[in-house]
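What follows is a set of structures for review.
Each of the next two complexes has subunit A plus one other chain: subunit B in the first, subunit C in the second.
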Partner chain A sequence: MKLAEIYLQMRSDMNFIEKELEKSITTKHGLLREAASHLMKAGGKRIRPVFVLLAGKLGTYDLERLKNVAVALELIHMATLVHDDVIDDAEKRRGQLTVKAKWDNRIAMYTGDYILAEGLRTVTELGMPRIHKILSKAIVQVCVGEVEQIRDFHNWNQNLRRYLHRIKRKTALLIAISCQLGAIAAGATEQVVRAMYNYGYHVGMAFQITDDILDFVGDEKKLGKPSGNDLRQGNITLPAIYCYHDVKSAEQLQYLLRSENHGMDKAIEYIRQSDGIHYAQCLADKYLKKALSWLDDLPDTSSRATLYDLANFIGKRQY
Partner chain B sequence: MKLAEIYLQMRSDMNFIEKELEKSITTKHGLLREAASHLMKAGGKRIRPVFVLLAGKLGTYDLERLKNVAVALELIHMATLVHDDVIDDAEKRRGQLTVKAKWDNRIAMYTGDYILAEGLRTVTELGMPRIHKILSKAIVQVCVGEVEQIRDFHNWNQNLRRYLHRIKRKTALLIAISCQLGAIAAGATEQVVRAMYNYGYHVGMAFQITDDILDFVGDEKKLGKPSGNDLRQGNITLPAIYCYHDVKSAEQLQYLLRSENHGMDKAIEYIRQSDGIHYAQCLADKYLKKALSWLDDLPDTSSRATLYDLANFIGKRQY
Partner chain C sequence: MNFFKSQFHGEISDIINEIKKQAENEFVQQYVDIPPVPLVRLQVLFLFLLDSNVTVENIKKYAVPTLLIQIGLDCHEKVSLTTYRDLNQIRSRQLAVLAGDFYSSKYYYLLSQIEDIELVRSLADSILKINEVKTEVYTSLSKLSADQLLALLNTIDSGLYLSFLSRYVQDGGRNLWRNIIINFIRVERLTDELLSFRWGQIVKIQLSKLLEDRTIQESCAWLQGQALELLDEIATQVNQLEQPRVQGELQNMVDAFRQQLKSQVFG
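Then we have the complex of A and B:
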């Protein structure tokens, strides 16, 4: 099943979530509403809400309750994007002007703060302290990950472990808790809750590694950003790390990066042609396989089948 | 009773809170720990924890429970300071280099995010959904206030209502909920909880108006920043608004602000000598009186007497 079919199947509930998302940032405050709604319209795959709803089907599915988790997680994800755009000095995301480009850094910072706070507020509607706790803990980790990313900028001597730690905090954790909290909000058994967390974590890792590969080999138009964008920003991702671990390739890379005539373009092309891409793909596949294995612990329902398809899509997506 | 005496009386509990504050930002992550601990050492009056503890004395005083509220509120306050320093382009606060000056804007933004998240995480330790809800709602309002402040920068045509709305969100709200949540965490009656919120709100308004007055007339050394700093940043506060409401003064102010030779210095001096300072003081006194009147609803305990003294200190402080 393709992603489009999964969305089609969940269309009516996802439309509801989209409307709730829009409502959540309808503030009286002109500038803030404008900035937040600009962000909302830029869209996105809304992958976190999809995970929340699918996980919710493993317990007592109650959309009114699940919406609080789904909206909260998408808002928190959006907040990190706004702050990342400040840091990355990004002018465009998904082909649209970023908040920081359209307004300025100050507005982007506070818009991010506002959306983050609104996400946390939304989840308190549930009145489930366990969920509040898991969510706020995860956000602390996400913030730590953001600072780690800055620390590791331009650092070619980072090892695989450091990279994996970083993408766990940056991406996998929020996907893991989307699955976990959806299951908790639906009152699923502890075994299911645990399986869903682990499924989400491994899918999230595969998702980010795939993202990092696509940054090198993906279609610029589909991605809405220039190829090799991460490296240009100083963010050294898995294909580059693998490529640099080979002594000969490392020498060649250093030479290219130092060369004055489009050195960065050449370095990106070099990594694109290197084994680093293939190795990264293998690791993404490994995480994907592990994610799928956690689904074995779940009862054999249509929701489980969809989670299976979703993971496979994420591992094989082109954009 | 002076502030020093109030602190002396609460010394042992406040020392405990200070240690908990330090512990709360002891992360394994070097850069983040350094930035957060730099901030911690810069000190501050820790006025929000003081309010939490005093409010806690109006119910069943349990320091282990109250610490979660006290630490959360101080962390959230600190997070807003770090983000404000990014916006204000401030090099120093309380005579110390700011995080953004010592590191950079990116680190300051993420340090603020981290401290905010840690504040929210701390409060979830209590497992009281009502408290989580009030706190996250308040943070949303604080963020709205921050964007409003940017919108109102350099806007001389703002009215008193707009200013009051802004300082409510910027300052009064966090002090109001410090009092309210301290009482709730201690299981105080609803009447006490309500009185404490209102006491805190009015004290907070008086506190910010006094701050805005001191920015013009205070001792630069004690404040740790140059006089008229707000106006220099474009933040038009109550003394300036009052001064500008008088047609003749407004003309003179406009003339000074346009003049090339130290126009800003002259405008600040003009406001300092104007009736605006006096009017602002009157409004602060009004809020203070209202705050004290809410204490009448409380049982006559030593804690009530201290809250009385604390409000009076805040209305009359010189730094």
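Then we have the complex of A and C:
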């Protein structure tokens, strides 16, 4: 099932969330409003709000209540993207100019800080301390993960465990808590809350591994960034780590990385053709399988079926 | 200006140490000079909360996250506008972004641990306002007069600390404390500007604005005069407070600033 078909089932509620997202940018300052809305208008999968709403259906579904979690999580995610583009010195995202490219680094910093504060202000509409404890801990972990990613830049000696730990903090955690917090906000049982966290965590891991595969083999136009962009930035992801450490490919890759004549382009092409892609795909599949197994703990509802479809979309996505 | 003459030296040191502990990251600090804890703001916040009968233990719980936001926002001011090719400069830019985000996230974490969601909200409101005004200053600098610029910078500098007013002070006292906080923070900026200039550091934004239609000496004398006038105002405001120990501490701060300013000769 395609993402659009999944969204179609939730169209009315997702439209509501989209409007709430637009409404959340309340600043009267023209340029700040334009910059803060810029990324929002570029679209995005809105995968975190979708997970919040689906998890909410496993308890007492109250959209007015759930919107505070869904909108907050998407705003927090957007804030990190605006700042990530400063970190990566990125010109484009989702096929559009980044905030830092359209304006500059300073405006991008103010915009990211503004959106993050708006996200926190939104979530404080919910007076449940547990939600804030979980969310705040996750945000700190995401930041730590980002620092770890920079520390690991150009570090070819990192192992699989370190990579997995890093992507957990970078991506899986926010998806896991999207599922968990949706369930908590809807007053679902502890068994459901736990299952949703674990489902989200495993989906999130698969999502990031798939992202890292697509960075090598995806359609540049659909991704909105050049192929092998991560490696060019120094961010060594799973296909590259495998290729670098596998006895069949290590020597050749190391040679290409050392060579000056378009060595990086050739290394990216080499990784693309290597077993690293297949290995990463198998690992993503394992995470997806595990994610699906957590759905067995949930009541047999349409929401469960959609969560199943979403996990499968992530496993097969091309962008 | 320092807090060492304060009778609360131990308590304030304790807060500073906790902020440093929370902000510590060896890797980040290899590349980024973490902005210092703004002592005047911490001291004024401490005394305001003390005057509002908040316990020292709770003051620490509120001051640490607030100052972490401040350091986070200040870190983001360090993010360069230039595109670098040098790896150290690139790392410095990248980690200044992340350090700022990390400190801001810590504020939410610490306040969530003590379940003070109301304060999370009012500080988030302040961050929103601060970034609006920062954008205004950044995009309209050439159109602003020195007075307008000073007023906007003061909104940026004092925003976080004013978040506490509505929570602790009734209508009558609110204006008094608002003025004390705003004026102290304005004096801090004026003094900082003068000292930076005296020590031959880069001429900061405010002074360069003044220099558009004044000589250097005239500008410094103007800044000095403004600061001394504000200190007279603060002294009058401090006299209206009820707690002698808070009055005494604030008066000491006024005296220390006066001494420091008067030792600078301009014009």
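Keep this in mind: the second predicted complex is superposed on the first by the 317 of 319 C-alpha atoms of A that agree within 3 Å, B and C clash if a C-alpha of one lies under 4 Å from a C-alpha of the other, contacts with A are read in each partner's own complex, and residues count from 1 in each chain.
Everything below uses one rule, namely that a residue touches a chain if its C-beta (ideal position, glycine included) is under 8 Å from a C-beta of that chain, and two chains touch if they have at least 3 such contacts.
The model shown is predicted, which means the values in this text are computed figures rather than measured ones.
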| item | value |
| --- | --- |
| Three-chain arrangement built on subunit A, subunit B and subunit C clash or fit | clash |
| First, second, both or neither for A:E220, with subunit B first and subunit C second | neither |
| First, second, both or neither for A:E251, with subunit B first and subunit C second | neither |
| Partner chain(s) touched by A:R121 [first = subunit B, second = subunit C, both, neither] | both |
| Partner chain(s) touched by A:D62 [first = subunit B, second = subunit C, both, neither] | neither |
| First, second, both or neither for A:E5, with subunit B first and subunit C second | neither |
| Overlap of the subunit B and subunit C footprints on subunit A, listed as residue numbers | 27, 29, 31-32, 83, 86-87, 105-107, 109-114, 116-118, 120-121, 124, 127, 129, 132-133, 136-137, 139-140, 142-144, 146-147, 150-151 |
| Sites on subunit C touched by subunit A in the complex | 25, 27-28, 73, 76-77, 79-81, 83, 90-91, 93-95, 97-102, 104-106, 108-109, 111-113, 115, 117-118, 120-121, 124-125, 127-128, 131-132, 134-136, 138-139 |
| Subunit B residues touching subunit A - in the complex, by the definition given at the top | 27, 29-32, 83, 86-87, 105-107, 109-114, 116-118, 120-121, 124-125, 127-129, 132-133, 136-137, 139-140, 142-144, 146-148, 150-151 |
| Residue ranges of subunit A touching subunit C (in the complex, touch as defined) | 26-29, 31-32, 80, 83, 86-87, 89, 104-107, 109-114, 116-118, 120-121, 124, 127, 129, 132-133, 135-137, 139-140, 142-144, 146-147, 150-151 |
